[in-house]
Amino acid sequence: ACGTDKDKDKDSSSSKGGNESDFSVAMVTDVGGIDDKSFNQSAWEGIKKFGEDNKLSEGDGGYAYLQSKGEADYIPNLNALVRRDFNLVFGVGFMMEDAIGTIAGQQEDKLFAIIDGEVDQPNVANILFKEQEGAFLAGVAAALMTESDKIGFVGGVDIPVIERFEAGFVAGVAAVNPDIKVDVKYTGAFDKAELGKAEAGRMYSSGVDIIFHAAGGTGNGVFSEAKERKQADKNANVWVIGVDSDQYDEGQVGDDNITLTSMLKRVDNAVQDISKLAQEGKFPGGETKVYGLHDDGVALADSRGAIPEDVMKQIDEYAKQIADGEIEVPEFR
Amino acid sequence: MEYVIEMLNITKEFGNFRANDNITLQLAKGEIHALLGENGAGKSTLMNVLFGLYQPEEGEIRVNGKKVNISNPNVANDLGIGMVHQHFMLVENLTVTENIILGSEPKKMGVVNIKDAAKKVAEISKLYGLNVDPYAKIEDISVGMQQRVEILKTLYRGANILIFDEPTASLTPQEIQELIGIMKKLITEGKSIILITHKLQEIMDVSDRVTVIRKGQGIGTVVTSETNPEELATLMVGRQVTFKTEKGPANPKEEVLHVEDLVVTDNRGIEKVKGLNLSVRRGEIVGLAGIDGNGQTELIEAIAGLRKVKSGKITINSKDITGKKPRQITESGLGHIPQDRHKHGLVLDFSVGYNSALQEYYHEPYSKNGIMDYGIISEKAKSIIEEYDVRTQGEHELARALSGGNQQKLIIGREVSRDPDFLIAALPTRGLDVGAIEFIHKRLIEQRDNGKAVFLISFELDEVMNVSDRIAVIHDGQIVDTVIPSETTEQELGLLMAGHSTKETSMKEGVDRDVK
Amino acid sequence: MSFLEVLYFIIPTSIAYAAPLIFTAIGGVFSERSGVVNIGLEGLMVMGAFVGIVFNLAFVDVFGGWTPWISLLAAMLVAAIFSIMHAVASVSFRADQVVSGVAINMLGIAIALFSVKMMFGKGQTDFIQEKIPRVNIPILQDIPVLGPMFFKSVYGTSVLAIALAFVAWFVIYKTPFGLRLRSVGEHPMAADTMGISVSKIRYTAVIISGGLAGIGGAIYSQTMTGDFGHATINGQGFMALAAMIFGKWHPIGALGAALFFGFAQTLAISASSIDIDFIQKIPAVYFHILPYVLTILALAGFIGKANAPKANGEPYIKGSR
Amino acid sequence: MSNRVVNLLVPIISIILGLLVGAIVMLFSGYDPVSGYIALWNGIFGDSYAIGETIRQISPYILAGLAVAFAFRSGLFNIGVEGQLMVGWFTAVYVGAAFELPMIIHLPITLLAAALAGALWGLVPGILKATLKVHEVIVTIMMNYVALHVVNALIKTVSGGSYKTDKIQPTASLRSDFLSNLTDYSTLHYGIFVALAMVAVMWFLLEKTKTGFELKAVGFNENASQYAGMNVKKNIILSMVISGAFAGLAGAMEGLGTFGSMTTQGGFTGIGFDGIAVALLGANTPLGVIFGASLFGSLKYGANNMPNAANIPLEIVSIVVALIIFFVASGYIIRVGLQRLNKKKEAK
């Protein structure tokens, strides 16, 4: 029972000391972990940013996160945060849909948001991204930069999110040059670098010069392969397009870098956006907000000169058209 | 007298059980000193103490008059003490040489110098007439050979005090004769020997003095020439023991086991039983005499359904059981006391009780429609323990903790109490003391007198002669002759076993000496 | 890709895939030949992978091009020390060796991740700059067909791995230590009566297995991922265990088994990419399970049971029977 | 001290030792062990909710442990629990969602289906072992990966290209409002009773039935079993099948209790591998497995509260858990220590 008591004091203290303006937010990571260089990390950055902007401190009544070791931890973690009285709790990743659904049902007076997933509850805001739009630009970049006219896509497990990456990427390539065939492969795992590496090795050997990966840890293998080839032969023409966060650092080989660019998924922006809305009392409960190019939900990372100006211009051109809805990017293959 | 070894007032405890209670044993230089005692009396323990495997709680050990502390086998080796263990200490998948040099390998630039080692082994084995193949793998050679490897191990390390723990328990008569020869040779080489054996005749033949222990306590030491087997037996068991088992004449009835042109191969696919014919009738004990490796094992396993029959026919109670499953055969009337009690006879990690039900657990009353009745099983176990005098803490003790002797009694109890029409008893008395042997023989004869057929396999000629009514001699996978004990001699049997036909034997009388 | 090109891809890739497994599996051979079951290989590999990366990151300025190699040694050292825990438990404390192995696995990943958190303030390390390079072996690489298959752009570590198999064979079957090792794993009491210290041999063997598994892990992290995180090593240790058994507790056998796994994996990858319509129509899952199914089939092919060392898994207790 | 007391003391001392070393680790890495362990305690027993979740976490561990233990008892090492669990999970969810039946029929059928799926996954290594003497460890490891990929593919198929199966019908669910309310909205479900029932089943099977007698005999000594007329091959296969069935039910716990559906698995759940530790901590006996699972489950679950209430990283907890397992495994040395103490006492 002592546990509940402790929670209680916490509650009282936070409500006592806290003035009206303070609005606390927290998140539960999925199995990827808080620093997965992907959406968990990005979401956390968003939350920290929001916290700092509102002079919140990390901890109860401010902002916080809990990490999940496995699927079974989602509900307990969400619950723990709710009990610690955070006003808004984010669940990161489609895996958390059910968990959010359950808790939101039990705690109707609390606010929740889920990233990459959809839950039909009045007190839950759903956040989705148009990965396909960002991927489309990546495809354009690849198609414009390739010299061999052979491009590769390495996916992790074949799930809808990844399929959006694939679909957008392929469409982007086709938009520039329909004759380029994209070599699409799924390794069936997000955590098997050796497979990513072997797959990349195969692709590069078969003449592919640019690979876009959406495969998490498996993607590390793709980078390793490219870097080795670069290391062995400085003018080897091998490139990788990173995903989720800017993977420029992964691409460093001596003073070369094989990261062409990265397709960013700005979960941080979305998180801040939703938090603000909630703070202002405009919480989009029961709605689904889809963040695309238009609202900085996705973007291409700075290529650090790997992509020449003129090419950038063309890419921006496409970006504009997508943002303005002139190009409708497919979601499915 | 000058003693090379003196074990004075040794006491060794396992937990609060005293395996050795204030025992004294003195080994004179150049003598063969026999150590005699019942199963579980404490002989192996005492020797393991001398060899440094166990540390005694009390008492002291002197080597050549000097007090020593034998903290581990290394020390023993350095003191020139070598031991041939009761359960061989050989690594099966290594060669003879590898086993012998283990621990003190000759090296050439960090590499084991097998060639030289093998040469040295060959030399020693020649010197003592052991003729073992230095390159043979242990798992491929006979028990007798393995025994010699054990001896070689001690000699290779230059031991001059040798301990033999039941070396003859698993040897054929020929091998025993040879071993005795070897021991005598060792003595002439100035070595001293402690010999543990349950066979009083051997003691009489080779030993100079005998130390007898009973239930862990020293009974005393007698000079062999001044005693006789009867006295020794009485000393060790504490009561009179009869050797020549009393039995009336047999009155054989109809045939139970019938084997016809049986052909069986061993694991390597080599034919071991080659068109063998055999018949055992109710009310008789047929002994199977033969030198180890002439197809006995394969024959038994084939009858019991543990080994595939290549061709030929086996019937029990004129019911064809060729190629049937073990259980079908058991149910058609077979009882089987297997040759290897640890491999086939028992589940060592099962309790005495479970083991007592190993053959019958699956039917009533021991189990009813799939549910075991351990109550009844305990009852059965208790009665076997009671009736067959199995020395154990009780039916819940693990079979592993029993002495071989008692393990054997348990198996016999289990098989005999099922009252089978046809009982195979393979080496039923191996490693047992005279008391236990007497007891077991009585049981076999009892079975016969109840009109059952008994098939006794043994390497001990006197056992075959004493117990059987007919003796079938097996040689090279065939029954070469069948003789009546009262009408034959050990010599004749020996020759038959060696493959000579009866006719030759009469002329070959001269050879006896070699055989003996 | 032409058939030859396919081979030029499959063979080097298989070997590269196999190298970490070879080291680890042979480590397992040592441990289990001495009678100590070691399912802690996974955890030991994790240790190695972790130390390899961290050391590489820390000392790259000092050692430059040599860094990855010295990192291997560091990984070997630390993993070897770590494996002492398993030795103490299974030899001195008579622990159930499987449980102790499980503990090693849990502990390995936990310690590694915790240290990463402490050192980098995040869940995975940075990326190393000096990876284990691929080299072209002079002259040999020019041999037609074979050259490109075996001697063009190979990892030095792959060569080492194959060499190790033969060294291990030599040690186990030709040296006194090897003889004692085998005897202790088969019949410790016999070895004891011959004055061999069972514990000493078993400790040594387990520590060797730790060192080799450590190298295996460091090779993996320095060739495949280039950083260390919670998922860097997952399952390789168990694959190595499988390779050891598949190879019948024999170093050369383990080598073969590991190479087979690598081959099966890369075969599946290149098969899935053959540009024939009906192959492209085959659902990916069939290619994903292909390597594992192949392995099972291969095993079923080699009829006959792989005999573990007789005393494997049993603590040696004087005077017990 | 009587043997019973010792047998009780050994695990307790191991746990204390594990916690002690863990505390030292925390101190050295600048965390407060006291608040850490208070957090751990509260995470496990702190309130009805925590208790509920802890028990929920224990259920699959019990079944996974039984699976490993059962195979062990007949001399087989089943590392394949992980895979058997996954196919069990999927099958449970599929059958649970696909049909509409009254609960009294639906739930049992669903559980049965899960058990069968796991059994099937155990059958393969069983047959290979019995007929071709292929080592079960390799086959089960391989079968784990096959399960992972096959299950993911199946999820995609049955969900029409999605990453998640439909939710199961309430008639197939182990969820219980009663238990949930009792433990203030925890996800505690009836699975724990299934698990405990299976403990009883295993105990009965091994200790009371003819089959159990044979399985144990074969595990100890195949030759003697054959001599005693048992069908060794049949028993090997049977053992793997039953073991797999337990594992399949462990999957059902997740599918019908905790989640009610199955999402694409990025990797192994880990429950299967933890099952090995659970089983051996419990000395491969049914009751022991309950102990092992409780220890494992509660520590694993309570651990989550340490970052939450004392922000101590999860890894430290894993270290503590691993150490506890290590010390329990090393029980012998603790026994020796206790006996020494005894001797001293008697001496006085």
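Letters are used for the chains, namely A, B, C and D, taken in the order the chains are written, and counting of residues starts over at 1 for each.
Basically, a residue touches a chain if its C-beta (ideal position, glycine included) is under 8 Å from a C-beta of that chain, and two chains touch if they have at least 3 such contacts.
For each chain, UniProt lists the protein as follows: B = Heme ABC transporter ATP-binding protein; C = Putative ABC transporter permease protein YufQ; D = Putative ABC transporter permease protein YufP.
Everything numeric here is computed off the predicted structure, so don't read it as measured data.
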| Target chain B, source chain A, minimum contact steps | 2
| query | Looking at every pair of chains, which two share the most C-beta contact pairs? | reply | C-D
| said: Need the CA-centroid distance for the pair chain C / chain D, whole Å please. | reply: 28
| Just how far, in Å, is the C-alpha centre of chain D from the one of chain B? | 47
| said: As a quick test, compute the distance in whole Å between the mean CA positions of chain A and chain C. | reply: 34
| query | Can you list the chain A residues in contact with two or more other chains? | reply | 158, 188, 190-191
| remark: chain D touches at least 2 other chains through residues 149, 152, 267
| Interface hub residues of chain B, defined as touching at least two other chains | none
| remark: The chain pairs that touch are A-C, A-D, B-C, B-D, C-D
| Which residues of chain C touch chain B in their complex? | 174-176, 178-180, 182-183, 186-187, 189-196, 310, 318-319, 321
| Residue numbers on chain D that touch chain B, as the complex places them | 208-213, 216-217, 220-221, 223-230
| Touching residues on chain D, where the partner in the complex is chain A | 42-43, 46-47, 49-50, 53, 56-57, 149, 152, 156, 161-164, 167, 185, 187, 254, 258-261, 263-264, 266-267, 269-270, 300-301, 303-305, 307-309, 314
| said: For a test of understanding, state which residues of chain C touch chain D in their complex under the given definition. | reply: 39, 85, 89, 92-96, 98-100, 102-107, 109-111, 113-114, 117-118, 231, 234-235, 238-239, 241-242, 245-246, 283-285, 288-289, 292-293, 295-296, 299-300, 303-306
| request: Under the touch definition given earlier, write down the residues of chain A that touch chain D in their complex. | output: 1-4, 6, 31, 66-67, 69-73, 75-77, 79-80, 84, 94-95, 97-98, 102, 106, 156-161, 163, 188-191
